[in-house]
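Input: a single structure, listed below in structure tokens.
Labels run A, B, C and D following the written order; every chain starts at residue 1.
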Amino acid sequence: MSKKSFRQAINEALRQEMRRDPRVILMGEDVAGGQGGSSGVTDAWGGVLGVTKGLYTEFGPERVLDTPITEASYIGAAAGAAATGLRPVAELMFVDFVGCCLDQIMNQAAKFRYMFGGKARTPLVIRAMYGAGFNAAAQHSQALYPIFTHIPGLKVVVPSSPYEAKGLLIEAIRDDDPVIFLENKVMYDDEEEVPDEAYTIPFGEANLTREGNDVTLVAFGRMVGFANEAADRLAKDGISCTVIDPRTTSPLDSATILDCVADTGRLVIVDESSPRCNMATDVAALVAEEAFDALKAPIRRVTPPHTPVPFATVLEKLYLPDVGRIEAAVRSVMGYKARQEA
Amino acid sequence: MSKKSFRQAINEALRQEMRRDPRVILMGEDVAGGQGGSSGVTDAWGGVLGVTKGLYTEFGPERVLDTPITEASYIGAAAGAAATGLRPVAELMFVDFVGCCLDQIMNQAAKFRYMFGGKARTPLVIRAMYGAGFNAAAQHSQALYPIFTHIPGLKVVVPSSPYEAKGLLIEAIRDDDPVIFLENKVMYDDEEEVPDEAYTIPFGEANLTREGNDVTLVAFGRMVGFANEAADRLAKDGISCTVIDPRTTSPLDSATILDCVADTGRLVIVDESSPRCNMATDVAALVAEEAFDALKAPIRRVTPPHTPVPFATVLEKLYLPDVGRIEAAVRSVMGYKARQEA
Amino acid sequence: MQIARDILLHSYRSMRTIREFEERLHTEFATGEIPGFVHLYCGEEASAVGVCAHLGESDTIASTHRGHGHCIAKGVDVEGMMAEIYGRSTGVCRGKGGSMHIADLARGMLGANGIVGGGPPLICGAALSHKLLKTDGVAVAFYGDGASNEGTTLESLNLASVWKLPAVFVCEDNGYGEATGASYACAGTQKDRAAGFGMPYFECDGSDFFAVYETAGEAIAHARSGKGPVMLHVHLARWYGHFEGDAMSYRASDEVAQARKDHDCLSAFRTRTTGAGLLEGASLDDIDSAVRTRIEAAVQAAKAAPLPEQEDLMRDVYVSY
Amino acid sequence: MQIARDILLHSYRSMRTIREFEERLHTEFATGEIPGFVHLYCGEEASAVGVCAHLGESDTIASTHRGHGHCIAKGVDVEGMMAEIYGRSTGVCRGKGGSMHIADLARGMLGANGIVGGGPPLICGAALSHKLLKTDGVAVAFYGDGASNEGTTLESLNLASVWKLPAVFVCEDNGYGEATGASYACAGTQKDRAAGFGMPYFECDGSDFFAVYETAGEAIAHARSGKGPVMLHVHLARWYGHFEGDAMSYRASDEVAQARKDHDCLSAFRTRTTGAGLLEGASLDDIDSAVRTRIEAAVQAAKAAPLPEQEDLMRDVYVSY
């Protein structure tokens, strides 16, 4: 156990799994860096934000493959390699680039097993950065996990901390289905205690980071931290929240969400993805259908507005959900009085 | 006014708009057909299902452009042409192929205006076929409108009949934003009375195809017909339904949905897209947040299961929502008794 | 070039099986009993068979929407294919894939593909598996002239060269992508494209089994020896419409007739092998009638086979979920 | 080739403005005041300027993540660009785009682009507009060696040829895509790729304004005359990291120094023009100092400019919604 950053946690997960299983390989743009450069230095970058640094040096060019800037072909290659005996971890860099390779994910990797009558196994992990807060503007700041969640055949992981990231990534690599693993780029320097040895966190099992009686908060990825902060602040005013980190959006731990709502009767969902057809709507619909009885107040969603991500810091701050907005949403459901009662 | 098929309605809308405005052009794979063929016959296909037949003959090769099989480049070209003075209608054939060109839609066309500070106008229409029921299997049967709806900057149209198709397509062509126009391939031979002259149906204004007091049904595209049938059957048992065809998923006519639910207190949503993060969840979340007070029963969703679309007829029938399942959902919300009441 | 008798016989049987399979589907489709889209490979048999003659079961291929020929040439079970096309639970994909998604990974058949240009990236991955797992295998992408313009295909040519993969890109150029001529849709030449992505280029007449066999042999040997990927450009004619139901008004009325007359791989094969005394007409006749019987039986079995069951709908979306 | 004096002076001013803009951003970025990703065009100035010298305001260009040079060369307002990079409401995109999304459609600048390979398809569309609206204009896609492998770029080369568009594909080859050498990532040659998609190929030394001017002139004239698209391959060196913050350990320690010494388009331009008596050193000095003053003022104005307001967040997602 030692303090590790989100970046280190992911690096360690990759390293340990690559040591454990020679079929695990890495590919992506500059996951090593320096191929064809004039200095002869390889492993020059280890990914655009240094997450895979050192892996090329340890595992060599056969297992850490730099690619040309051609997402469709190398993500497809990862799918093809996965279907034929390797266990590739392909890095898409920014998840926003999925528009360049969605077909290979959506129509190929995700559907092989079903279309082929159960005869395929595609142990593929696609890692990508998501999220706003980096002034990276509209084409480098999206969340997009709702799109992957929508697609049957994919599993989708949105880790909320270094500990979660390591365990979930190891699970993803050992999983036999295609997994989309999304890393919030703003969190790479976040630190916490993380075990040194390999461990897994199962998919589809939510984590309760706070337990309370008044309101259930469901939050994803970086928003889990915000929700916890809001819960801590609210606790000072005697409002007690349960905070659920579903960890994976597909599969989704519906049972835990429904149980918690059954207890609290109030639900606020915090989702940093665009508001239409997103995880906030997904969870709201689940609860409005299956825990309707328990609901004492409207289900509130805290999300960005239906706009691209703006560049300027002031606007980006307004764009993203924040602790204050979460608090306000919780207070509004606590203060809710049904019309008939009022 | 005369009886026209869904196919004819679309053809007529295109023809009338092309006559009206020389900047309107068409492009896509075999939208004419026969270029480079040995017979010298052009306009050989008019689209893979004959929807654009005759337009090449009337408007010629400058305005009806056959493309190579390269979706990213010609959809991107349509976006670029739209931003520089033309009003292209690009045909993607099957919406499933969006994986080959999503970037040009999501990161280019949809975001130009916002990223460029309001200085761009991108009057682009992308037509594509969607939907199951054609034994076209997993890569040619998806609905996918939730993905487009999720993306800020796009408008999304899902017409439910020939009349709707014509008016909405003309509106789409005259609209100054990028519009995704989705045609259910199973409906091309459906017929109804359609005016001969050009007319428009505004976006974001839902159509009430039935009005009733007990249950609100919200359905999309082909599902509107199913919902109406279910409503007719239920009427015989004295259950009276409002059926809402939102016409466009983005913008969505929230006000009409909320009003109707305020009246009926019960909501069933019928959506043929995959169930996670789809329009059924979107509408459910809207209502669970903004019409909570009015709700007398859980919000039920009728959707396919979270699986790819299967090939075999028996399985595809089980996959798709049908009138029976809609009826059952309506009866279940009618029969609902809250635990506390029961 | 000397080709062993058993290879000749096997190849003839494969080509005949494909022909019979496709001609029969053509007839059956007309009865309305076959659901979905069906794209026939008739006239192109020598390409699949001439290429696959150099492949073992552990080599990998990826195919297209026009995939029946590749499947049969790679050894996928013909009865299972027929049942699949009929949407039966005895189909190779349990009736869930249909004509456009027939696959058999155990036989190195990575799938037909409903997406034009879908296969080449996958084949880069399969070739990478061969390389890293040191199987001595090669991976072959079949793709059409239409698909030769797709970004996925072009990127894959580059990726395969950069990674020096044991990959073979077989461009099956039948002159049309749907109703559009390759002369319209393909600028430049395939040969220059191969050069543009740094790989050797081979080409041959795809109606001549011997030409395909020989050229593919060289091309595949190059890839297998570790020297990197190659492109094999096969000139072909398709004998039916793009899919069943296509009236083909874009083709001159005698184009297909001419191809059937002058570029029939089966009759050319027969003439050459019997003429040179390599095979006897009677052996070929035997194959013809055995194949006819087999396909008839496959159709009857498919029609009689059980449909998928309700539980199949939810099955095999994931390995675990 | 004779180049008019005003063109020479204008071109020098553009190149100097780009240089000064970028060098200043380099310094300013280090202070931490500039948000987001910044990719500098230093060392590549002659490419943008030599190409754009042949373009009028109604011609169209599409740029890349490394877009400042193209914007300045195409006449986008420098003060508005600086303000944009600082995220101010006076920015050309009101602070909503930032460095990677500077655009000005009124000046035929279709946008920098955060997506590698994003521009070439758009340029096919702009070229189509020129063709159908009979503007006599051309559309130019700037893209890097890295982008030359993207499927979008390759498909666009083909599409432009098939449609015979007045399009110019300018491959700015600075030898690197991020930290990866073009020698690793690009198989084959750009020249063969041009042939593979049926278009003429031109190339030149991008540190020599006169070479670019002359070659681009020919290439653009070809496209403008209606003979179809062309590829122009410009050899360049980038003087800074991929983006600000890149330590460039993948480059030999003297690589940049060498480029700055031997391949500086500005000093080469000065030597040649003053040596041949085309321009006087004093005129160039005047430009240098005027540009310095201008950029200083632009930075100060940007820093002092107002930030966007809350209402800007929801504005301009749609024309109407």
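Keep in mind that, in the parts below, contacts are C-beta pairs under 8 Å (C-beta built on N, C-alpha and C of every residue); 3 or more make two chains touch, one makes a residue touch a chain.
Predicted model only: the values in this text are computed from it and were never measured.
The chains that touch both subunit B and subunit D are A, C.
Greatest Cα centroid separation from subunit B: this falls to D.
One inter-chain figure worth recording: subunit A and subunit B are separated by 30 Å, centre to centre, where each centre is the mean of the chain's CA atoms.
Computed centre separation for the pair subunit C/subunit D is 45 angstrom, with centres defined by C-alpha atoms.
Here the CA centre of subunit A is 40 Å from the CA centre of subunit C. In whole angstrom, the spacing between the mean C-alpha positions of subunit A and subunit D is 36.
Counting only residues that touch two or more partner chains, subunit C has 93, 95-97, 101, 113-115, 149-152, 155, 158, 162, 184-186, 317. Multi-chain contact residues of subunit A (touching two or more other chains): 67-68, 70, 72-73, 96-97, 99-100, 103-104, 107, 114-115, 137-139, 152-153, 306-308, 310-311. The touch graph of these protein chains is complete, with an edge between every pair of chains.
By the touch criterion given at the top, residues 35-37, 87-88, 93, 95-98, 100-101, 113-117, 146-147, 149-152, 176-186, 249-253, 255, 307-308, 310, 312-314, 317 of subunit D touch subunit A in their complex. Every residue of subunit D that touches subunit C in the complex is listed here, in rising order: 149-152, 154-155, 157-158, 161-162, 184-190, 192-199.
Residue ranges on subunit A touching subunit C, taken from their complex, read 23, 25, 62-63, 65, 67-68, 70, 72-86, 88, 103-104, 107-108, 112-121, 152-153, 155, 175-177, 204, 251.
Those residues of subunit D whose C-beta lies close enough to touch subunit B in the complex are 60, 62, 91-97, 101, 103-106, 110-111, 113-115, 118, 120-126, 128-130, 132-133, 139, 151-152, 155-156, 158-159, 162-163, 315-321.
Touching subunit D in their complex are the following residues of subunit A: 29-30, 33-42, 44-45, 48, 66-70, 72-73, 96-97, 99-100, 134-140, 305-308, 310-315, 318-319.
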